[in-house]
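In the two complexes below, chain A is the common chain; its partner is chain B in one and chain C in the other.
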Partner chain A sequence: MRRSLALALVAAMVFGSVQPALAYLKFGVTVGGAQMTLKWAQTPVRYFVTDQGVSGVSATDLQAAAGRAFATWQAVPTASIAYQFAGFTAAAPGRDDGLSTLGFRSRPELDRVLAATSFVVDAATGTLVESDIFFNSAFPWSVAPAGEANRYDFESIALHEIGHLSGLGHSALGETELREGGGRRVLGAEAVMFPIAFVAGSIAGRTLKADDIAGISDLYPDGDFNQALGSISGRVTKDGQPIFGAHVVAFDVARGSVVGTFSLNAQGDFSAGGLSPGPHVLRVEPIDDADVESFFEAARTVDVDFRVGFIDRIVVVPRGGDSGEITLRVVRK
Partner chain B sequence: MVTLEVESYLKGALGPMLRFRVPGGELGRFRSIVVGAPAFAVDQRVVVFLGARGPSVPYVLGLSQGVFRIVRALDNSGWLVTPPAILPAGAGTVAAGPIVRGDPSRRALPLADFEQRVLALAGGPR
Partner chain C sequence: MLVIVPTLDARAARAQSPAAPQPGRFEVAIGSLWTGHQALGSNDANETTSAGGSLTLFSTSSDLASAAGLEGRVGVRLRRRLEADVEASYARPPLRIAISNDFESAAPATATETIRQFTIGAGVVWYPPYRVRRGSRVAPFAMAGGGYLRQLHESAILLETGRFYQFGGGVKYLLASRPTRPLKGLGARLDVRALVRSKGIAFDGGHYTSPAIGASLFVRF
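For the complex of A and B:
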């Protein structure tokens, strides 16, 4: 594999991720045998920024660009998450000091990782103590408003990592291609939380998509999120048996937006919330093109041996309600 | 630190027992979790791609991108590995073009076939 490959921002959810609502991928932690969603109990989330810049990005640039990315998540009208810049620090991210810190670090051994998010969790209570984000200074970075050729857009990558810091896992709403001579490139992504970055120079990752908004609103619902929007739920089966890890995509016919989720338990159940009321088309597909651990903990067996399928009717999402049980049947390859 | 009992090397050799570094861990009641770091369990079979810089403990390349799980076929006919989309079928490179989910030609490979493809990329026999 070569550096010209598309670069994974982060690669895997390394621990449990299943929500009772079976919607989206979130981080979880097992406490006393019970699964808890990993999220901030109190907001605003206070964060520090390291006082060290890199070539082309000063510490002040870093703080400003990170601030814009935090503001983008905070601006989601249906979510209640908020963040607060607490100051500069000489401490590097990754130091378990109880402070959430963003900054550059030289990690040349992580030659396919642009950035990564880490957590410190009190395993006795499930309390999220801190979350750090490191940006790999082995890569060239930019904070230029329109992007900069051959440099990765800091704000785009920060937006993705802050989604993790907030508790979101990866979304599979993206399409890639193999390039001539090797390597992989993102053709398009309908989620900032897609695990593979756009090519250097692109600023396409600065804008949240419907899937990101639904995910963060599901974690931190605000206002009339649950009343104004609706959901689709059901199960995925193959040969009459439920399957785990099938990617279910809801396409909003009127708005052209898409939201994705997965079948997330042994019964094959899935749920997609935060959907606009109205007609949707449902597609189900295997994530057979990806590093499965980008989405699920290693211990889970994800079924990728089936063909893409569609439900044979339009599904209407009711306002403030659920579609009712829908069964998506797939056939093996 | 993760310790593996090595069945075989596809390239290089570091002995029958191999230790490498993975970020994260536990200290007292606190758990450090790095998103993207692979997790391992006793008795799992894996193919790992490792790197090292100088006389140091090896590390797994690209976090979980450097780990491929070996799983038993549903019909117990053998061991399988799901290859990455960028791994060519044989010597040479894969054809350029969009990666299509659900492509019937993309399947888990028998372990021996996976090893042969890696060896072809690595430039020769082990």
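For the complex of A and C:
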């Protein structure tokens, strides 16, 4: 449950509302009454790393592991975003100093927050001008190539936070179970941007999944992303009425990949982009594997009173286009 | 289906040379082609566990259901026992994806769509050097061929292409024959084939084989 609180911090800092645009959650800001997607206007995004290490992770280790995580996002062939290490700094992350900084801070009071990302936004244009990531040194960390038992893998957590730094919100592609004593344990996740981290010692979060790739490519499209890939769109209804916050999963039967999205407005509209052409199966479920606040502002009323189900038709994603309006009808629990 | 049946002298068929499988050099045929069910494999929607393993969110199993369609063919005799064919077919097989084993116990479901499938190809027909009996109207044959496959999804927004190969055998039965006239014969053909399809709607990149039965009427010139 550690990252779920991390998102709450992020949300408090930047959310106007989530964008009812394409897939995944993207951070939105309101500029002049208009909703804009939060993103960097210029790349490479220059970042600094604090020159303070922690037990088991020196500043050089931190920079190297963060560099690998940045490189993983930058290597997505259908996304144009790039990052550049600008040097070490004595400044701690979280300062409004015009420098995007990654580093450790001791925040023992945040006992379920491994790391958090904050933003500084240009109020006139809605673009990002600074984004800092702090890693909570109250937890044990590791940069060992194979991971270390009982220590959180820095590269995995950095990969997640850099997704936020780039403008991505959380994905709901994961399954969890409640733990005794509170919180949730991840049984499986198919997105680095799932809000809850794997257990300490795991390095399974170092690899981007189809959902992450679709998300970053949607924000920063490159190459033939818009021509070669397609999208699915439609609306989710219950008893004939649109519902907000339903989690829709598109499964590419040929490639075995899953991409998730949500119904994101009062009309119950959803859209998932960056999908490979071909037949897809659509599954719709309520948000029940993480706190709703991990995905949406607390003020939004998310409908979770419906059963998991599938649409009884095959949904075909065209190359460079949209499936056309799909209606997903769910039934009350 | 509209079939033109010319009036011919059936007795002439019995008079044809037993060495010649069928009279005439050219053959035009139209009929139906039934294609059997093709399993397209299974695939799971998986999530990654903390140990790097897989957790199955749900399972799918796909198939292209059996369907009857139309088939046309134009053949030309190259040698005494060898013909070359050009053929085309059209069918609308249902594509089905059965969904089960949902991690959160969603009810099993089947997602479907109807495919519009076109083929165009070529092949050879070979008549073995033996007769069922002297003067018989029946000519057994073996066939093999292949060609190009187009499959259009129901929503007509995505076209899949691939190849098909087929081999099998059957019989042609001469209903009527008039070897000395321009329209030299009328007959029926029945064949059984193994139909191998690659690419097109393929969920694992492999080859899919299914049985097929063709039945047609032909005229020979």
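For the reader, a short list of remarks on this structure follows.
Convention: the second predicted complex is superposed on the first by the 305 of 333 C-alpha atoms of A that agree within 3 Å, B and C clash if a C-alpha of one lies under 4 Å from a C-alpha of the other, contacts with A are read in each partner's own complex, and residues count from 1 in each chain.
By our rule, a contact is a pair of C-beta atoms (placed from the backbone, for glycine too) under 8 Å apart; a residue touches a chain by one contact, two chains touch by 3 or more.
Given the structure is predicted, the values throughout are model-derived calculations rather than measurements.
Contact with both chain B and chain C is seen for A:Arg307 once the two complexes are overlaid on the shared chain. When the two complexes are overlaid on their common chain A, residue A:Asp291 makes contact with chain B while staying clear of chain C.
Of the two partner chains placed by the overlay, neither chain B nor chain C lies in contact with A:Met36.
Of the two partner chains placed by the overlay, neither chain B nor chain C lies in contact with A:Ala86.
Residue contacts after overlaying the shared chain place A:Ala124 against chain B, while chain C stays out of touching range.
Of the two partners, chain B and chain C, it is B that touches more residues of chain A. Judged by the touch definition given at the top, the superposed model places A:Leu187 against both chain B and chain C. In the superposition on chain A, A:Glu175 makes contact with both chain B and chain C. When both complexes are overlaid on chain A, the residue A:Ala64 reaches neither chain B nor chain C.
Applying the stated contact rule after C-alpha superposition, one finds that A:Gly278 touches chain C and leaves chain B untouched. Residues 175, 187, 285, 288, 307-308 of chain A are contacted both by chain B in one complex and by chain C in the other. Those residues of chain A that touch chain C in the shared complex are 173-175, 186-190, 198-199, 201-204, 207, 209, 249, 251, 253-254, 256, 258, 277-279, 281, 283, 285, 288, 307-319, 321, 323-324. The residues of chain B lying in touch with chain A in their complex are 23-24, 26-27, 29-41, 44, 51, 53, 59, 61-65, 67, 69, 71, 82, 84-86, 93-104, 106-108.
Those residues of chain A that touch chain B in the shared complex are 1, 5, 8, 10-15, 27, 29, 96, 108-113, 116-124, 129, 164, 175-184, 187, 247, 285-294, 297-299, 301, 304-308, 333. Chain C meets chain A in the complex at residues 43-52, 54-55, 57-58, 60, 62, 95, 97, 99, 102-107, 109-113, 153-155, 157-158, 160, 201-204.
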